[in-house]
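The two complexes that follow have chain A in common; it is paired with chain B in the first and with chain C in the second.
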Partner chain A sequence: MTSLAPSEPRTAPVRSEGTRARRGMLRRRTALIGWLFLVPLMVVNLAVVLAPSLQAIWYSFTDWSGIGDAAFIGIDNYTRMLSDQGFLSALWHNLQWTAISLVVPTFLGLLGAFLLSRVRRGAVVFRLVYFIPYTVASVVSAAAWRTLLSPTEGFGAVFGLNFLGSPQLALPSVALVNTWAFWGFLVVVYLSAMQAVNPALYEAASLDGAGPVRQFVSITIPNIRPTLVFMTMQSIIWSFLAFDFVYILTNGGPAGATEVLSTYMYRTAFSGLEAGYASAIGIVLASISGVIVAAYHILRKSRGWDA
Partner chain B sequence: MSTMKNFLDIQASRRAVLAGAGGASIMALLAACTPGSLTSGSGSTTTELWMTFNSKEAEDWFQKNLVDAFNSTDPLAPVKLVVKQLDTMTQQTQTALAAGSGPDLIVSSTSYVPEFVKAGYFAPLDDFATQFGWVDRLLPWALETGKIDGILYSLPTSYETMINLYNKALFEAKGWALPTDRDEFEALCEEAVGLGMVPIAEGNADWVGVSEWLATTVFNHYAGPDAFRQALTGEIDFTDPVFVDGFALFNDYFQKGWIGGSVDRYFTNTFADQYSAVATGKALFHFTGSWATIDAPSYFGPDAGNDGEWDWGAYPSFRDGVPTEVWELSLGGTLSINAKAPSVEDAAQFLDYLNSDPQKQARGMAEAGIQPPAIQMDISDFPASVDERVSRIYQTISESQVPGYTTWTFLPAKSDAYVIEGWDKMISGAITPAQYAQTLSETYKQEVADGFVPPLPA
Partner chain C sequence: MNARRLANGQRPTGFWGMVVLVVLFAFALGPIVLFALSSLKSRAELATNPFGLPSEWRFSNFLDAWTQAGMGMGLLNSAILVGGTVALVIVIAGLAAYALARLEVPGRGAVLTYLLVIGALPIQLFLVPLFYLATRTGLYDTYLGVILIYVAVFSPFATLLLRAFLIGIPKELEEAARIDGAGELRIAARIILPNALPGILTVALVTALSAYNEFLLAVTFLQSPDRMPVSTTFFAFQTGYSQDTTLAAAAGVIMLLPMLLLFLLLQRRFVEGLASTGMSS
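Coming up: the complex of A and B.
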């Protein structure tokens, strides 16, 4: 055994060292090429994402009005939020918006996708019809909904309600318009996830006597859970970034009834001339999204939702 | 060999691609950091002007008769007009200026000018005022509003006043006269309500600033211009009962449904709703400004399917001792020169051109509804095609004995923003008139301390 040992690698080490070196060089070159191809994107990201983000962090600790110089004021902007009724009200509206955006579109999206997954004829037509609102520019959708919700014509006249003028109705009304524009996207995403579920599971369940509801709860939901959780996370993040329909339909009104953090931040920066404070609100918004993403990743790993 | 050659070719081409990609990125980064992108908006031999217009017709008229006409005189720096959206131009300008860029000629408002000046964004214009004789040509009060610490930094783009729009045909048919005081006003409103009408057609769905038109009405026609001026100069406080009571009165009108029909309808009424309501006899008045004469006429008369005839009058005096004929001084905007403009002199030439031909400006009003600049104009400057009701507004302003003050011209930016925001909260019941006045007072005092208050004419 020992006598054979030295003779065995006599030629092989020479070949393997050379191969290893070449492979190592190739790996380094490949990695370098990869990184170099990333350079343009990184430059763009540095210029339009990282640099402004770092600037925003700095300005969040200043009294900058958006005009002229800024003076460092420590964490005053952050402590101010705790007692700023405008901020707290906008945050509360965001939470309400998130609740509506989580429940209604998710329910409709799952229902629509499940029903579509059972349709054999005309499925493409339905998918297109559901998806179209998502492709329409929000300014166009908003103009149409403004007329539909008007108290003198459309639904407003029919029900005798002023959907966008009433402080009680305005926020849910705008959130539902947002839902209308958004739920078709969820249908398509959930449908593609459902189509990846093994049909044999449904057949077996059917043979065992499980009805459509039981199949949906026991087979569909568990099998599309990664997609469901991911889209739930996205919906929460999008809810905190809600801006367009609020800005176009009510501009945060009536009397702040639909003000959400993003519109409050915008108004604080430009109408209130408090860009430093608005930056702090922006940092808090980004932090909320960051916490949601972190929670998602922790849950995904701990619960094994990728499996 | 051929394999090796191909390999080398591939390597060479990869290197070339990578070098190109990396080089392009570095070039892009460097280009973004070049001084040119940080100086004037044009960075070239043109003078860039950002503006916003009420209509395409007005934009085309301005381009042809002012920009193109100026450029045809072979100036050293031709003007390049960049049209912006009304709702976002202020924000875009503010952002661009903060980034060290922006247009060469900057449209702003008197509310923002003091802060822009303190940030060093604007070039002083006193030398040009002397060179071009602006002191003799512009309306003195309007020229005064552009002076910060005695130095001229901006010229007005246009001037306006507040008017009470009504349906003359309806008033004649009913035998009504325009009310001159609060008693007459409220009696007429009661009668109109009895007829199923809304006394004042108003709404802020198209423009949140409508709320400050109403606040301006309180300041000038309830408190009175003297009291408002005293508050602006710090002699009295905005918490003075003369203001709080005025806010309370208008809030009461809102709660009675006299303004806009109801509070919630006020938030969804569009300008079309308001003009139509007056034209069709569903409302008595529309509290507005001279700018309404651009769009409102198309809602009146046979072409609009009604027999309405628009006209305007003075606001009633809502409190004893306040004169009826108060005409508010109002500027539509201001024009300043970017301190980083490549040639301040060239930009000043265009400023002078804009304020040089009263007859052409009056023609702009007749042909495209463009509000005239604040230059000395005679009634004879207006062409025959200008509606008599429009030219009468400017004649009235020029003959006015009691000037009033608009919030968007004489309040600093934060106070002006709060006038709107707080008003909507007050009529919604979120705050009381006294709380509204209190926050306005605190905001204004802070801006006074910061030195951001626009100048008042003597």
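Coming up: the complex of A and C.
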């Protein structure tokens, strides 16, 4: 219709004005519909996540059992942590857990992915099988490993060790179960990053006589660095939030040898009925994640890494 | 190009590389296979023969586990929780993703940032106040309470993933329909929805698996045995009075099977969807 406009110069401006008004109305209507579409998501998240998160900040400054009124006590909950042996040993266990969950799964993930990236046939099957543990529920993985490590019926009997019952072995054993559950996830992520590396780089390296190990160090690692750094950050965050396997396999025992911050918080809130103090521990956990994310972004910016 | 090279310019994995891959294969699958085998043994046999094939395949373990652990009730409850969660997540995240991808909503950037931050908040941050909020509002120990919590926790990621799918649908399809006089609702239903189905399916699968396997929230917010999902039903049985390892294994296999079959059936979609959960930011 607009092509007819030149032959009807008198009506053209009127029409375009009308269209503009209609377009403005349409835009307002689209904006309104858009916000209506967002309302359910925002309401649910506000009620379930944001509001209790803000409450947690308030409760962390109070003495509160969970029922009745919360009494404001300033930063007492936070200063209490500094001398609370239960908290400090849980934090120490989280650090050990982080060390294990950084080294072992990353090593297995990179190894599996690098070898799979060079497999001619069957890589899909290996990738699938490596990924299966990640899809198994933590309760089931825990039960499988409990049987496997059992001092009467499993490897515990073979080696004469009580993996989950000894204060020295329990924490590494539970962390190993956690490793088993998610290293295959890392294989999938690293493999897809490796497949995006420019093949010409490997060809050039081969011509220069570089072997697989040399290629891995000089080509693969630098080229998947954004993914590697990102997953390392994720692994650290997940390590500080670890809950399921500890709660299910040892429930913090024996004698607190596997207590981590999440299980300690849980016990403090629901067995110790100290919801105020538990909220403060929750704030510390969230802050640790926040600091790690912030450090990651600063590092990424300053080094110019592109994830 | 050398014939011995792969398309990606690398030399193929050699013999020792294959050995390592097979060892990793055994590491991944071994515990599950041994667990399944122990579910078919008698208690006496498990102690003497923990790693071999059962001398007599005791399928009766599964019947005993089913009744003693209350797995039927657990699976039914899980079906209710997972079904409710998936349905609500698809509707709520679908609407939001549509608005964020296809409509010109003012403040879109702020909403996206909000979703990224909310999605990254650890459950531990809000668990304790949420627990007491749930008891005060009467949502503690109810299906609805847990479904709402799951929806809130899973929907930010689902929205971002669905939005990525919706952005990928060419605008031309939509414009062609608009020129033909189709309204917004018709466009959403006839053009966008069919094209977004693969994305919706991926989100549904990832959400279903996450809800089915979820433990921390289920153990905190559901207490009555007749409302507990299969994860906490199984946990209660495993740590309960019986302590029968073979029956616990049978119950574990019962819990594992539905999702394992679904995973093997639709593995490509699962792997892609789940791999992106860790990469969402």
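Throughout what follows, the second predicted complex is superposed on the first by the 267 of 307 C-alpha atoms of A that agree within 3 Å, B and C clash if a C-alpha of one lies under 4 Å from a C-alpha of the other, contacts with A are read in each partner's own complex, and residues count from 1 in each chain.
As a working rule, a residue touches a chain if its C-beta (ideal position, glycine included) is under 8 Å from a C-beta of that chain, and two chains touch if they have at least 3 such contacts.
Everything quoted here is computed from the prediction, not taken from an experiment.
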Could you check whether chain B and chain C clash or fit when both are placed on chain A?
clash
Tell me the contact category for A:D69 with respect to chain B and chain C: first, second, both or neither.
first
Should A:F37 be classified as contacting the first partner (chain B), the second (chain C), both, or neither?
both
Could you tell me if A:P167 is touching chain B, chain C, both of them or neither one (first, second, both, neither)?
first
Between chain B and chain C, whom does A:A200 touch in the aligned arrangement: first, second, both, or neither?
second
By the touch definition at the top of the document, which applies to A:P254: first (chain B), second (chain C), both, or neither?
first
Between chain B (first) and chain C (second), which, if any, makes contact with A:L299: first, second, both or neither?
neither
Thinking of the overlay built on chain A, is A:V188 touched by chain B (first), by chain C (second), by both, or by neither?
second
Given the touch rule stated above, what does A:N45 touch, chain B (first), chain C (second), both, or neither?
second
Scan A:S150 for contacts with chain B and chain C and give back first, second, both or neither.
both
Looking only at contacts as defined up top, I'd like to know whether chain B or chain C touches more of chain A.
C
Touching both chain C and chain B, counted on chain A across the two superposed complexes:
33, 37, 40, 42, 44, 47, 66-67, 150, 152, 270, 275
So, in the complex, the side of chain A touching chain B is made of residues 33, 36-37, 39-40, 42-44, 46-47, 65-69, 150-152, 162, 164-167, 250-251, 253-257, 267, 270-273, 275
Chain C contacts chain A in the complex at 1, 5-13, 17-18, 20-21, 24-25, 27-29, 31-32, 34-35, 38, 46-47, 50, 91-93, 95-96, 98-100, 103-106, 111, 115, 118, 120-133, 148-149, 151-153, 155-156, 159, 184, 209, 212-213, 215-216, 219-220, 231-232, 234-235, 238-239, 245, 248-249, 252, 255-256, 259-260, 263-264, 267, 270-271, 274-275, 278-279
The chain B residues in contact with chain A across the complex are 14, 18, 21-22, 24-26, 28-29, 32, 90-91, 94-95, 97-98, 112, 115-116, 118-121, 204, 208, 263-268, 273, 413-414, 417, 421, 424-425, 427-428, 430
Would you tell me which residues of chain A are touching chain C in their complex?
27, 30-31, 33-35, 37-38, 40-42, 44-45, 47-53, 55-56, 59, 66-67, 108, 111-112, 115-120, 126-141, 143-148, 150, 152-154, 157, 180, 184-185, 188-189, 192, 195, 197, 199-203, 206, 212, 215, 227, 230-231, 234, 237, 241, 243-244, 247-248, 261-262, 265-266, 269-270, 275, 278-279, 281-283, 285-286, 289, 293
